[in-house]
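One structure below.
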Amino acid sequence: MGYFDKRYHPPGTAPGTFTANEGLAQSPMSLHLLDYSPEHIHVQANARVADCQPFIPQESVTWLHVAGHPSADQIAELGQLFNLHALALEDVLNSGQRPKIEPFADQLFIVMNIPIMQAGKVSIEQISFFLGKNFLLSFCRLDISLFDMILKRLQDGASRIRCRQPDFLLYSLLDVVIDSGFPVLENFGIQLEDVEENILDKAGPDTLETIHILKRELILLRRMLWPQREVINQILRDDHPLIRDDSHVYFRDCYDHTIQIMDLLETYRDMTGSMLDVYLSSVSNRMNEIMRVLTVISTIFIPLTFIVGVYGMNFDRSAGGWNMPELGWSFGYPLVWGVMLLIAAGLLYVFRRRGWL
Amino acid sequence: MGYFDKRYHPPGTAPGTFTANEGLAQSPMSLHLLDYSPEHIHVQANARVADCQPFIPQESVTWLHVAGHPSADQIAELGQLFNLHALALEDVLNSGQRPKIEPFADQLFIVMNIPIMQAGKVSIEQISFFLGKNFLLSFCRLDISLFDMILKRLQDGASRIRCRQPDFLLYSLLDVVIDSGFPVLENFGIQLEDVEENILDKAGPDTLETIHILKRELILLRRMLWPQREVINQILRDDHPLIRDDSHVYFRDCYDHTIQIMDLLETYRDMTGSMLDVYLSSVSNRMNEIMRVLTVISTIFIPLTFIVGVYGMNFDRSAGGWNMPELGWSFGYPLVWGVMLLIAAGLLYVFRRRGWL
Amino acid sequence: MGYFDKRYHPPGTAPGTFTANEGLAQSPMSLHLLDYSPEHIHVQANARVADCQPFIPQESVTWLHVAGHPSADQIAELGQLFNLHALALEDVLNSGQRPKIEPFADQLFIVMNIPIMQAGKVSIEQISFFLGKNFLLSFCRLDISLFDMILKRLQDGASRIRCRQPDFLLYSLLDVVIDSGFPVLENFGIQLEDVEENILDKAGPDTLETIHILKRELILLRRMLWPQREVINQILRDDHPLIRDDSHVYFRDCYDHTIQIMDLLETYRDMTGSMLDVYLSSVSNRMNEIMRVLTVISTIFIPLTFIVGVYGMNFDRSAGGWNMPELGWSFGYPLVWGVMLLIAAGLLYVFRRRGWL
Amino acid sequence: MGYFDKRYHPPGTAPGTFTANEGLAQSPMSLHLLDYSPEHIHVQANARVADCQPFIPQESVTWLHVAGHPSADQIAELGQLFNLHALALEDVLNSGQRPKIEPFADQLFIVMNIPIMQAGKVSIEQISFFLGKNFLLSFCRLDISLFDMILKRLQDGASRIRCRQPDFLLYSLLDVVIDSGFPVLENFGIQLEDVEENILDKAGPDTLETIHILKRELILLRRMLWPQREVINQILRDDHPLIRDDSHVYFRDCYDHTIQIMDLLETYRDMTGSMLDVYLSSVSNRMNEIMRVLTVISTIFIPLTFIVGVYGMNFDRSAGGWNMPELGWSFGYPLVWGVMLLIAAGLLYVFRRRGWL
Amino acid sequence: MGYFDKRYHPPGTAPGTFTANEGLAQSPMSLHLLDYSPEHIHVQANARVADCQPFIPQESVTWLHVAGHPSADQIAELGQLFNLHALALEDVLNSGQRPKIEPFADQLFIVMNIPIMQAGKVSIEQISFFLGKNFLLSFCRLDISLFDMILKRLQDGASRIRCRQPDFLLYSLLDVVIDSGFPVLENFGIQLEDVEENILDKAGPDTLETIHILKRELILLRRMLWPQREVINQILRDDHPLIRDDSHVYFRDCYDHTIQIMDLLETYRDMTGSMLDVYLSSVSNRMNEIMRVLTVISTIFIPLTFIVGVYGMNFDRSAGGWNMPELGWSFGYPLVWGVMLLIAAGLLYVFRRRGWL
């Protein structure tokens, strides 16, 4: 995740302008069309925009998943067909949006962020929904396989999802989007436990890097996911006619999950802060230990080296009896050793008693 | 307590799906059935689900405690018997939930976390309640012995608990759940006082570890207990018909206890933060003390060692009168000692006056 | 003040159970009874519970101060006489409560904490009030001397306190309770100014300890006093019939004082945090100063010691002209001294120019 | 500014007691009386309390500024004349109040704090206002010169202030009180910029002291000024009849200024926090630099000193061919020098390549 | 950006006083006048105030952009022509205002701050708007080129902006003002990523400076932009008749952008805090590494230097057999070398095993 992931028009661009993201032309739009009622289900992969037309006036639920990056023309065509607001469509194109909900007269526009784990790395994809009276549109760079479980449940004619209105489909998709946070957070939890296990004994510069990366990703993730709570809350609070009363219990379940995810994110952030403190203390403790022992060793040898230096002086003993008479004593050498051993032992004793060694 | 303790379905699973926790099959479900009115009490340990049936239509209060992990079938059977909502039952199975309250038309579903102290370690168990018109269901991994005190009070026909509706039983159980926080926090308080006593004089790396573990457990405990306040508050605020007016004063007492527990948790967190600061300062102070003394010792001996080195040089005194004439003085040696003692004394004096020693 | 000061029943105890605090039996209950109207005042120290009975049906204001620890029997007797709620009485016994207000039909139950300064140490005492139509009960471990000023004012028949209802008496006592925070905070302010004066020049390990203790006491004090604001605010907000309208202006004054106390507490906490930072910087600055000077001294002598070491080598000058010819020069020795002095001066110059000395 | 600047009565003093501040008797009360209408203005410096009497029943606006410390008698006399509430007058005497607003039936009592810059030092003075139907009283230790600009504007018969009611005069004075914060904050801004300029290169212990003092003053200033926002907000929110509707736009302007001042205070506090961090890092960086260079120098000389020590040993070469044959080589001495230079160069090369020098 | 950028009158100045900013006389006022309806557009650069007069009574939309610093006279002339409130005009002149909205009876006064990137430096310009029934006034130090995109869109007769009322023009300009934050934040994001890349390996004192400057600019930027959210929110919340209902959806889009900008600012502040921590740890880690290696080197040589010192002593071997007999051994010298190598190897082994090297 980068720090600045917001795509924006140059300030002053007219509202509702669609600019194709040239850099993204490599993943062209692909449509996945479903139409279902309790009695039937129609699935059409790689549909064209025109294929949707016949289903719009019908009572059955139509779900169109737009994967990849639609061109400006394609988005305009879709907008006209489903009567979508230009400002909303602009937000679909300019990805990097904050999760939000925008109620229109006969539609509900919702932007969410879905966290994806790939090869141990977390990334965020924007996913946008248009909920109409009898249709649901979903836009995402990723294709429909994201919702494989939902497709499977739709095949079952007796399932609750087949028997209900598009608001239940919206709930089902939002549930997938939100619950995708759990495996990501589980992974964070495991990494944090790993760090914690090593932090007191085996902490090294790579520990610092790991903590920093975890902290950074948690900050960025929090920014992307935090407003989801507000979005679901607004669905529950506002009495939009498209959200039926008997779906409220399901959205409330969604809401609980967004709170759980935020709780975990906050807890993990607290923990990384705490771990950084412990890491620093632990590194500093170990460093202090080393320096203390080494300095004590030096301090013991320094007076000894002075003493042997003394008896390395070349004073002329013949010049007078006061000049280094010790050198002439027959037990001078062992005496010096004795004195030196005594000093060393004394210092060791003092240092140990003071707890310095 | 681990960092990630939430059990969750793969994203996209149909709402209300019951998956048996295979890893948990070793603690099978056991039912404890009580039925009481002011006049009678019927207790049946190790009951079967079917045993509850006759008591449901009766006016008397029925309490069923479900210990251990029920299988998906058993949970479905219970759900049908007591008419429980599938989403709520899913939350019972997927433990690691955030405490919450979910009002249904004729039932109240409550999830709480109970902190348990075992062998000095804190763990958290989820406990779920279904309150109906004339029954209360409680689900927990732990068995009924948790509520031994309540069982004893129920035996007494004159006790308030026997004479009142299931909402009073709910209050009594919630009171046990919440008050279980007090012994846990008392234990934390004792540990914090232990740490504090030693922090200035005898702080070592294990102190750091203790503070870190305390901080970590307080963070995790806070996450699990914080929402309990909101749950009790919602019982008081919402006018759910199952909570009778004359029970409000008891729930308000419960609410006070949740606030007291949160207050203590916050205070303890503040204290661990403060202790970490003091620990670091204290360790650094002690280290500085050591380094200062050792460095002063070295600094005193370094010029002395230089001096004895000077008179260890082998300049040829016969080559000229300027070459180390001191060596030939008859009092050269004692003179050098004198100079060295003066230097040492001078340095000691300076260092002491500057407060370095 | 300890970290855990809450007395609590074992979880599961029936609500309204009175357990005598055995450890506290040494300070037995003593009653101080006052009954007054504008026309008369009756004072009875060391009263018995039964002595209160005749005053209850009368219109005059009755104030009963219960000092020390009443036994379970005594508390039950008082409860029956004044018709007090069992849950409230339980809170009176289980001291360490959070300040709170509990409105009953015809009574108001208030718990407050009064900070006491004794021999430079701060402690907290719980004080509980029951306000009835024509009586006020106060419970506290400390005796009536706490309210000496009020007793004196009650003696004066013309005083406002004699002419008004028990809510004014309650206000007067609460005012004493809250204002007791001022001398305590003044003492903290003085200590903080003391610390601040010394922090830059004379900071030592005891400064650290002082800051830590101040911080700790401020955290604990804040926990005990913070909810008082809410209690007074609730008296003002709720229109309880026992609080007459013309007393509001007085309670508002009380409320201002609770805010001022909280303001001061928060400011002091900010200051201790700031002081800890400055203390650490200041200690580290002084340490750095010492280490720098000592290290510079060592660094100057190290090359000199090397040089004198060179001329202490025993190469056989007779083995060839390249072997230490300097030793044979007639000015070798002074030359070496000159070189060494030059090096020392050069290093000193460099270090001083770089600002290292 | 001191930490504890609240003057308070001993807990238990009767509300509305006036105690003269003995320590403050040296600045006796002086009254400045103005009475004006669009047609006339009457100014009387050094007025007596009795001088005000004739103006009270008149329709014209009367402004009485009470400078210095009134005695208890004087305050009582004023209170009786203008019918002021005793609790409010107590707050006038007990300076060190938190800014607040107290609405009475026919009066508005306002306490504010005015920050004063004198000789580079900030101090806070309490200023209290009583707004009546046709009068305004202001109490402050400082004399009327504080409001010189207002006096000048009052002289101009065509000015807006002369044509309006006392609420506009109140606004004008409050505007002076609040705007006095701007020069104080400008001064803080300049000091912060000064600190910032030096912090990376020339930071010394005095920088630490400056930052600490700035932080401390900002904390104390914030405590004194923060509630002013709430006071002005309350004037705007409550529909007190004494504040006319057409004055709202002016008070709203005042409110904006209080917010700007708070914004600046918060920003400055953030900056001092940030600066302390940078200061610490910067000092530590410089210290590290010094220690590194010095230690590298020592480390280079230590092996060299060892080598010269080796050849200063006195082994008896005549005892065997293995005993220090190097001493007898004809190029031994230059060889040793060569080896030593190589070692020194090698170490320098290694250290430099690792970026240690 | 400086710390104190608020221009203010001396406290006590009459409200609505216009003082020319003398220091700013160099950029004189220049007017840019536009008048348009769906059918026509009239553009007049370098207009005079009087030129606006004919357009005011007409139904068409009039936009007057006032660039540079108007003199006190010019501002008064404009104020009279468009009937602007004096307090609002004062805020136009006293730049450095906090963004705010002030509703007047028939006008809306809005102050915003526009962040400008010039040569990698961020600066803030105040921009003020007066929205009337059929006109919009904008005041800014910068000239109209700021709104070049809007001018271009106005040329297109079919564009939405030409067909709508001045509230849509206001939205379009506010959109430019707010969206100008995106390139600025993008630049911050890039700088943060730069810092982050180098922070673990190549962090130096300049990294510290960069982090500090980023942090400082983010704090100041936050202060200037934070209230914009509230301004737009107030436009949406208050039902001012000048803001038509069908413009709400556009202002809501604006509001989303202000939230996104605040989100990014907060995230960046979090990141700089985190980076400072990592920087400090990283610098300290590297320093520790160096010191450890150097100290280990010293510690290995210190005992060796002691040993060679021992055999440099001059004890008189002829005085007795105990005096340094080692010197006379035929293998003494190689033995000493052997011992020294053993010691060095032993120490190296110990240090390496303990992970100190």
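So that you can tell them apart, the chains are marked A, B, C, D and E in the order they are listed, and the count of residues begins at 1 in each.
Assume a residue touches a chain if its C-beta (ideal position, glycine included) is under 8 Å from a C-beta of that chain, and two chains touch if they have at least 3 such contacts.
Here the structure is a predicted model, which means the values were calculated and not measured.
Engineer: Could you name all chains that are in contact with chain D and with chain E at the same time?
Structural biologist: Chains touching both chain D and chain E: none.
Engineer: Please compute the C-alpha centroid of chain C, do the same for chain E, then give the distance between them in whole Å.
Structural biologist: Centre-to-centre distance between chain C and chain E: 40 Å.
Engineer: Distance from the CA centroid of chain B to that of chain C, rounded to the nearest Å?
Structural biologist: Distance between chain centres, rounded to whole Å: 25 Å.
Engineer: Two or more other chains touching the same residue: where does that happen in chain A?
Structural biologist: Residues 284, 291, 295, 298, 302, 305, 309, 312-314, 324 of chain A each touch two or more of the other chains.
Engineer: Tell me the shape of the graph of touching chains, choosing from line, ring, star, complete and other.
Structural biologist: ring
Engineer: From chain A, heading first to chain E, list each chain in turn around the ring.
Structural biologist: A, E, D, C, B
Engineer: For the complex, which residues does chain A have touching chain B?
Structural biologist: Residue positions touching the partner: 147-150, 153, 159-161, 172, 175-176, 179-180, 182-183, 185-186, 188-190, 192-193, 196, 200, 249-250, 252-253, 256, 259-260, 263-264, 266-268, 270-271, 274, 277-278, 281-282, 284-285, 288, 291-292, 295-296, 298-299, 302-303, 305-306, 309-310, 312-316, 319-324, 354, 356.
Engineer: Can you list the chain B residues touching chain A in their complex?
Structural biologist: 2-4, 6, 8-15, 85, 87, 97-98, 100, 102, 205, 208-209, 212, 215-216, 219-220, 223, 276, 279-280, 283-284, 287, 290-291, 294-295, 297-298, 301-302, 304-305, 308-309, 311-314, 317, 324, 326-334, 336
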